[in-house]
Amino acid sequence: MTTFSYAQKVRFRHCDPAGIVFYPRYFEMINETVEEWFAARLQVSFEELHGPMEAAVPTAVIDIVFTAPSRLGEDLEFRLEPTKIGGSSVTLMITAICGAQQRLKMNSTLVFIDQHTGRPQRWPDNIRTRLEHEINKPVNDNA
Amino acid sequence: MTTFSYAQKVRFRHCDPAGIVFYPRYFEMINETVEEWFAARLQVSFEELHGPMEAAVPTAVIDIVFTAPSRLGEDLEFRLEPTKIGGSSVTLMITAICGAQQRLKMNSTLVFIDQHTGRPQRWPDNIRTRLEHEINKPVNDNA
Amino acid sequence: MTTFSYAQKVRFRHCDPAGIVFYPRYFEMINETVEEWFAARLQVSFEELHGPMEAAVPTAVIDIVFTAPSRLGEDLEFRLEPTKIGGSSVTLMITAICGAQQRLKMNSTLVFIDQHTGRPQRWPDNIRTRLEHEINKPVNDNA
Amino acid sequence: MTTFSYAQKVRFRHCDPAGIVFYPRYFEMINETVEEWFAARLQVSFEELHGPMEAAVPTAVIDIVFTAPSRLGEDLEFRLEPTKIGGSSVTLMITAICGAQQRLKMNSTLVFIDQHTGRPQRWPDNIRTRLEHEINKPVNDNA
């Protein structure tokens, strides 16, 4: 599988008095990237997931480095790839670049939970299959 | 010095369709905690810092674990203490608790920059002195 | 009854690249004011209202004038008073001032609905009684 | 001229614990619509306007009716047309629809100001020409 790529422009609402993206707003952009990735690659939309499936995918862990600031009007490319699948979790590596310059690099872990109990539950088989497909281990990979 | 403590209630705006705090909103709460700490302990307000001082303190690195969800109406206590001072940076440890339960634990590094060049600059002496005071070196520390 | 008053400081998150409050953020401040007013004067918290009461109070109509900009670090005072009570609605007049200067003046109408059907429902008697008390009928009012 | 149309999906970040768009988030969607309209129809981007032009276009007045709630995952179409041009202002009519259903209808007035003085300034000629073109007076209109 190829890395998932999603374009987002830096909007007025994202920027702070210093004229650069206010970092909590990056996480809104990142969440939108994750939503798009779920719909496009795992074939489950956030409305299905939070509605009929009565689930949720809260973020449990984030490690992020902001490597350069982003300014109003810039076109960012967010890239997302899963790096590890657990029984009820997935670890994602997400970067954002503007042209050749990296703006942030993040590793985060999401947990698939039951919306009512708040407890982790195993990925449904169809989602797990697609997650594994995304991880893209070559068939002969001995690692 | 004692740890800085700052109370914030979980508001309607913080909560997502699952009824819990949407994690980008935690970073807004955390930023407000940092603003209050700067004003109370470093004796420099964000309006002075971004105005007359023509500086900024962007966040460069974050490691965070969300240990339990927070719900509408809950009273959170944010605790902040600096753990490391660099020439133009500071590392903070921030936790949020609700009663006896921890909700998140974060280490983040802020950099003191020139607002116009975007380049790191050394902490002014008065701020550095207060930062060192916050780190709480024991009286007999020879380091 | 006296007008309800609630103080809020202009935070970094509220401000845009022009250094003034980004107007969608005013509505977050206004919503917090409404939450506090419900809890303080109508004696029903938003968590009770959206939880056990299975209700919601969406905003149906807003007329607002922004009379002067607000800047980072300013202390705003929000004032709220109900001006009209309907069977399942209430009209509020909200202003924000900084010192002697008005920053905004708003009239808005909220509707009390059933969270599941989304349909208006009559105010419960205890809330209606407190709403009427807030409207401040003069002692000799024959209405 | 045709009405300007801009599509936006309802994202997780827009939704509240009742599962519908939190109204301050609508204003972020509306502001994005205005940004896109400025770039597409007035041929001036928000980064040019707030950067080299040292201007800003704060919103001075809003009248809005929220006619039906919007839910996670819905595709909204925002429609914008200017209805009145002043020396340094413009009044916009904005609606959002989902399929055949209207979700909101707003009239707002923006003012073109000098970013430093905060005072209204006359629209530059090239922007005024395009604004007038957008208002779309038919050639033989005698009104």
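Letters A, B, C and D mark the chains as written, and numbering starts fresh at 1 in each.
Definition applied: a residue touches a chain if its C-beta (ideal position, glycine included) is under 8 Å from a C-beta of that chain, and two chains touch if they have at least 3 such contacts.
Note that the structure is a prediction, hence the values are computed from the model and not measured.
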| item | value |
| --- | --- |
| Given subunit B and subunit C, the chains that contact each of them | A, D |
| Chain at maximum distance from subunit D, centres defined as averaged CA atoms | B |
| Pair joined by the larger number of C-beta contacts - A-D, C-D | C-D |
| Same vs different contact residues, subunit B with subunit D, by half of numbers used | same |
| Rounded Å distance between subunit C and subunit D, as computed from the means of their C-alpha atoms | 25 |
| For subunit B paired with subunit D, centre-to-centre distance based on mean C-alpha positions, whole Å | 36 |
| Distance from subunit D to subunit A - Cα centre to Cα centre, in angstrom | 30 |
| Numbers and ranges of subunit D residues touching at least 2 other chains | 12-13, 17, 19, 22, 24, 28, 31, 50, 72 |
| Touch list for subunit D against partner subunit C, complex | 17-18, 20, 22-25, 27-28, 31, 50, 56, 58-66, 69, 115, 118 |
| Residue ranges of subunit C touching subunit B (in the complex, touch as defined) | 11-13, 19, 28, 31-32, 35, 45-47, 50-51, 71-73 |
| Of subunit D, residues touching subunit B in the complex | 12-13, 15-17, 19, 22, 24, 72 |
